[in-house]
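Mind looking over this structure? Questions follow.
Labels A, B, C and D are assigned to the chains in the order they are written; within every chain, residues are numbered from 1.
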Amino acid sequence: MIENIGIEQFLILSTLMFFIGVYGFLVRKNLITMLMSVELILNAVNINFVAFNKYYYPENLQGHFFAMFVIAIAATEVAVAIAIIISLYRKIRTIDVEQVDEMKY
Amino acid sequence: MTTDQFFLMRHEILLVAVGVIVLVMDLMTTPATKHRIIPVAIVLFLINTIIGFLPIETGKIFGGMYRTDDITILMKNALNIGVFIIFLQSAEWLKNHEEKFNSYGAYFFIVIASLVGMDYLISSGDFLMFFIGTELATIPIAALVAIEKAKIKSSEAGVKLILSAALSSGITLFGISLIYGTTGSIYFAEVSKVFDGNSLQILAFIFIFAGVAFKISIVPFHLWTADVYEGAPINITSYLSVISKASAFFILIILLYKVFYVIPEIRNNILYATSILTMTIGNLFAIRQQNLKRFLAFSSIAQAGFVLLGIIGGTQIGFASVVYFLLIYVFSNLGAFGVVAAISNATGKENIDDYNGLYRTNPKLSLVMMLSLFSLAGIPPVAGFFGKFFLFMSAAKQGYFILVLIAVVNVTISLYYYLLVVKAMFINEQENPIERIDSDMYTKIGLAICAAGILAIGFFGTIFDFINSKAFGSM
Amino acid sequence: MNNLLWLLAIPLVTIFVLIFCNDKRQYRLSAAFGMGLQLLYSFYLVFRYTTERSSGNIEQMVFMHEYKWFDSLNIVFTTGIDAISLALVVLTAVVTFTGILVSWNMEKLPKEFFISLITLATGVFGFFITIDLFTMFLFYELAVIPMYILIGIWGSGKKEYAAMKLTLMLMGASALLLVGILGLYTYSSTDVNLLSFNILDIANANIPVDIQKFFFPMVFIGFGVLGALFPLHTWSPDGHSSAPTAVSMLHAGVLMKMGGYGCLRVAMYLLPEAAKELAWIFIILTTISIVYGAFGAIAQKDLKYINAYSSVSHCGLVLFAILMMNQTALNGSVLQMISHGLMTALFFALIGMIYERTHTRDIRLMGGLMKIMPFLGVCYMIAGFASLGLPGLSGFVAEINVFVGAFMHTDSFHRVATVIAVSSIVITAVYILRVIGALLLGPLDVEHEFETGDARWYERWANIILIVSIAAIGIAPLWLSDALIKSLQPIIQKLQ
Amino acid sequence: MMNDSYSYTVAIPLILFFSFLIIGLAGGKLKPIVSGIFGTFFLLISTALSYYTAYSYFFVDGKSNGVYQQLIAYDSLWLQFTDKLQIHVGVLLDPISVMMLVVITTVSLMVHIYSLGYMKGEVGFSRYYSFLSLFTFSMLGLVLSSNIFQTYIFWELVGVSSYLLIGHYYERPSAVAASKKAFIVTRFADMGFLVGILLLSSFTGTFDFLKLTDPNGSALTQGSAISFLGLSVMTWSMLLVFMGAAGKSAMFPLHIWLPDAMEGPTPVSALIHAATMVVAGVYLVARLFTVYFFAAPDALIFIGYVGTFTSLFAAVIACTQTDIKRVLAFSTISQIGLMMGGLGVSGYSGPEGLGYTASMFHLFNHAMFKALLFLCAGSVIHAVHTNELWDMGGLKKHLPVTHIAFLIGCLGISGVPPLSGFFSKDEILTAVFEKNKLLFYVQFLVAGVTAFYMFRLYFGIFWNKQREYHTKPHESPFSMLFALIFLSIASTFVGLIPFSEFVTPDLKPFTSHIHWAIAIPAIIIAVIGLVLAFVMYRKESDLSGRLSGSLGILYRAAYKKFYIDEIYLFITKNVIFKHISAPIAWFDRNVVDNTMNGIAAITNFVSMRIRAFQSGQLQQYAYVMVSGLVIIVLVALYFMKT
């Protein structure tokens, strides 16, 4: 049934996700949530890649591969980020981003 | 694909080898003998650096995904030298923070891993490699930034770095995806053929540019820099401010002039505006800083602004002078950071006022510091002068006289705050200045190398001629 | 032996030696020896130069050597001298040597002091012997930076402020200068591969007038700040007053001359059309600074301030003369550079010596010093007479050249400017005599018991050397001015 | 024209320059008296040389077919402006320069000898002599100069040596002030001189006297055409040159420095401020007389008026002063005024040029008797250690020689025959009478006033009733008396020289004779003045007191030298210092300087303001980043549209 879904829908979806992600990153105070917003962005990207590949350039698989790599790297990124956040939490006992401003000016 | 092709990646392979060896040997050490790994790692890395200079043929592999030519090799060697100096400087720091590390091998391995990322980034021939390189370069560093478990600042810096890096890479990726969508390829070569500069591609281009600009910390993508630099362990700070910056600049040039070269006026306008912003903002912030790491962070932002002048020229000379400047910048900045590191390792003092009367007690350190600062400020006869001069020259050749004027005025402002440090060290007096420091041999060697580089590079015009003969010859 | 790099080699070797010296006597001896050698070598150069010329060498620059530096950028370190630069080189050698003599008893960090001083001198020598803009600019900055350290560490009064102000203003000026130089480079040839920094090449490239008009102000102001061009002269009073003696000598005596020399050699020579069109603006400014400086000096109470302002006035005269753009005036400007260099060096040397004995520079607290230090008193009087343009001393020769030259313009604008400038000789007389009267003459001030004791041997020699050279120029100016006129011809031809 | 037979004349000044150097450098080591002898000896040589020169010029080979030649005895290029415009340093011999040679060397020699006694035991004895040599050198160089710029050079040098000599007692604030005033006032005048030279040279294209003063040369015609503010440029330049002359010769209103200059040692006043330097202005005008006459007649008339006015003005002041040296100073001013007046009315050729001849003649005589008077005054002061007229009296029995000498001087200056003053003054009056009646009457009056104040001085000092002096006055030593006697003899007989045979504007001798029609009244008014003085001051009569009382305000004005000094003081102190110089200094420190500091301050301020960006809030960083991105995108797309 995918035939009767145009690429536009995918693109709209991905774009929405992208901006939701950005929005989330900017407004959510919880570090973990901000990380999730980043994930949204990355997934929007993945959708883009796959959609483009499927609809426009089916002859090769660059898009798909790219998406996979993105997923993998996103995983590592999240891993490291979480680790750091935890170590931070150990010290200041909060993951509210607004508390994370010892260094300024 | 044959092995000898495979060995085009000699730099990366060697690095990985060094990393693995260090890691393996590290497993054999006991807590009592773990410090022995330090000399081993340093020597191994030195060997790797030397081998890097051996001649090697160039070419593409993985269908153009990875490509080397003389200039990339040159760049990688420069980075090697830089990292080598950083290792030398970090030895003392490592010893001081024994409790933090149950093994030192991890430290070296992580740095080397990130350096591998840089190398891949430099020789990336398509966006995938570009993306992988960037992440591989950034993520380990984020871990190292946060390594000082005891300090809040360290973790805070780590958080700030990793999160904003994630955001920026997200933005970059979105741009890449759009490029892929509009051109149907992720290979630089093909993209550049198809790329025609319609508004969607412009959007994509700017997204990608933003991602790189983030790494170089160009205004307005620079705000993370100061905090991360301050919070991070000082050697990591120097790594961030020198190595990752240099590689990012390199790739920026590739992107601007190999991939997106069909939209010159947009490119130039963006560069024009951002470079003015970058150097001015950087300077204005640097003026007030007391913490030297933060100070150097802002000064390095300003320096980035100057480098853009070389890029905006867009000529052979321009790129040559950018690479030349980066080479000098490695030595100057590492010299400055080295002194700061030596002092903060010995006394934990990192503020400018602490340096009052330093010359009385530590003349050598202060001299190296002065040389480095003068080199950063672009004062003859030290190398920095030539680097800056050629950057401005290449911009002037393209007729950007106003831009050059603004830049030079900024140089004057920067001179002001560099002189503040010199003043503290040489002119100001204080009751109890920092007592006599005798750093370990590694630090001394590191600083000596920096000083030698700062003093020498300017006088051997052949270095520049060499770079110029290699620089992006293919364009 | 006529390779000009000696002028750089000797100081550098001296610095190198100094690094390995390790007690006060060695420092000053090696410094004095090195700079003495430099002085002798500069005299030797004069001799070589005259023989070269008399042997019929009519090149614009003699002893030219080219050292390829950045080949791909066509940056070639080119050395060469004509009478103008040679005269200034000798001036520099004299002032540096005497400066070292004057600071014979430097107590605080003598090694660093001499090293920085000689570095400064090296920059100046380099500036004068090079004839390509790149190295010229390099040496310009090399000469300015040690100033900061020298004033900052060994200065007096609000030294940090003064040092910072001086350095930043001069560096800001060099910012303009850099843009101007790059502009000259960019338009030095129509073929991108032949762009060159070499002054002689640029002189042959005919740069379009509107381009010149864009760059002329930058170059002229860039150098003019160093030449204390109103209203950008304010670094000079503070800088001079807080600098240590030898540094004031070098700075007022030599560094400020780099400004005039640069204006002449770069702004005027390479951008003649623009110079012709825009001169009037700067004529107004320089005329102001001549009178302004002189009047400013009248109201001062601190010896060094008085001298700083008089330097503003005299250096204003240099630039003023340069802008008059005819042979006599240009000749006068160069003569004025030399004579002002010598006499202001003498002034600052004497002020330093007097300060050592009186521990004050406020003329209201002194008086009748002639009685207790006659030698210094006489020297001060001679310096004063030189600077108010007494015939038989160098100042007069320079001034009349300037005035006669300036008056050759028949339009009333130049004439009025000239008459105003001439009026400065009266004002100068006023403040010079005021100082002499307040400082040396009158009853000896008894509340302050000054350290008596006249000049020591090194001080005597420093003064004598300077005075003799002042008088030599003043009594027999012909040989010098002829040589200068010959070397000025290329510039004049461009300006005609 | 070049002439080698006189080339030795260059030695006349140079000898003294060397003596200056020797005494000046070795002075500290030598015994004072030795350096005195040295100086006198050197001077003696050049005196002999100049007498010889005078003799051979005037009587042997100065004339060729009845006209005195202007000989260039020595010439060398000193400085070259353009190939055409050059400064030569040379020796020009013509009647006036040779005449001046004699005057300067004679008086200077006398002063040297006199000072051996007068300055005995003074501190800075050898300094004094070295400066005397310097002065004589410069003065000789001035009169011998063949080139107007050379004149300027030596002009400055005499100025400075006068500065040094006035300030001889440099520990006396008044002396310092006086020397400063003298230098600055003359310097101010010299500025005019310099501009005049510049103007002159820029039109005539030469500095050379021979070219300038050649009556039918091209120099004179140029520039006369171009006019500026109604006067021809030539007139302007000559007026400016005269400004210099007026400064040196203390013409109104630039005369103020001369009375103060009396702070110097009396012999110096005799040499510099009576006989030689102050007449340099007259000499300069005479030197350029041709130019004045042909190219700038208006200027010449102006000079005549200024001179005459000054002579009256000074004479009136002289009547009221009580410091004997100041009286003499004012009388000097007034006599120089007469000379200027004479020059102003003079014609050019033949008997027409009487005024010129007369003023030169008067210059010559005046040098003698005024030097004499000053030296006498010196000897009096030497005896009684005061300058105040009313602290003296009845000295004629203590100082017999001085008394006679002073009397001769007074008679000479008052123009009583057969003393020298009579002849020259008579000639001046004649010349003026023929040209301009108004000036004549003024000068006629001046003659009377002169006699009056001179004899007021004479009676006041030597007659009157004896004052009590703490040390009994005694006649001066021989060296001083010798000078007095020599000069008295000189000023008695030089009047008999037939000057018009030697010195004339057109260099052609003519014979002049005394015009009794004018001489008789002149003598009469002089005698009247004499008698008046006799009546008022011979005995302690309160006549003078009553008179001055009745004249009231006028007297006080004259006594206060008509407040000229106060005016100058006001201008220098209040206008220049308070209202120009101090404000500029303030402006410089506070406005110009603070603009520079302001730039720095602004930079700092901005950097304080923008620190908010670096808030430490991660999300704000991200916000800035994203918005920056958006802005760039929008701008870029906008650019793409256009």
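Methods note: contacts are C-beta pairs under 8 Å (C-beta built on N, C-alpha and C of every residue); 3 or more make two chains touch, one makes a residue touch a chain.
The shown structure was predicted, so the numbers you read here are calculated from the model rather than taken from an experiment.
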| item | value |
| --- | --- |
| Chain pair, A-D or A-B, that carries the greater number of C-beta contacts | A-B |
| Chain located farthest away, centre of chain C as origin (C-alpha) | A |
| Centre-most chain [mean C-alpha coordinates] | C |
| Computed distance of Cα centres, chain C from chain A, in Å | 66 |
| Between chain D and chain A, distance of the C-alpha-averaged centres to the nearest whole Å | 98 |
| Distance between the centres, which are taken as Cα means, of chain B and chain A, whole angstrom | 27 |
| Rounded Å distance, chain C centre to chain D centre (Cα mean) | 37 |
| Overlap residues in chain C, where contacts from two or more other chains coincide | 168 |
| Touching two or more other chains - residues of chain D | 600, 611, 614, 616, 618, 622 |
| In chain A, residues with contacts to at least two other chains | 22, 25, 34, 100, 102-105 |
| Every chain pair in contact, whichever chains are involved | A-B, A-D, B-C, B-D, C-D |
| Chain A residues touching chain D - in the complex, by the definition given at the top | 22, 25-27, 29, 34, 97-98, 100-105 |
| Residues of chain A defined as touching chain B within the complex | 18, 21-22, 25, 31, 34-35, 38, 41-42, 44-45, 48-49, 52-53, 56-57, 62-63, 65-66, 69-70, 73, 76-77, 80-81, 83-85, 87-88, 91-92, 100, 102-105 |
| Residues on chain D engaged by chain C in the complex (per definition of touch) | 77-82, 85, 87, 149, 152-154, 156-157, 160, 163, 167, 170-171, 173, 176-177, 180, 183-184, 187-188, 190-191, 194-195, 198-199, 201-202, 576-577, 580-582, 584-585, 588, 592-593, 595-597, 600 |
| Complex contacts: residues of chain D adjacent to chain B | 600, 603-604, 606-608, 610-611, 613-614, 616, 618, 620-622, 624-625, 627-629, 632-633, 635-637, 639-640 |
| Chain B residues touching chain C - in the complex, by the definition given at the top | 317, 320, 374, 379-381, 385-386, 389-390, 392-393, 396-397, 399, 401, 404-405, 408-409, 411-412, 415-416, 419, 422-423, 426-427, 461-462, 464-465, 468-469 |
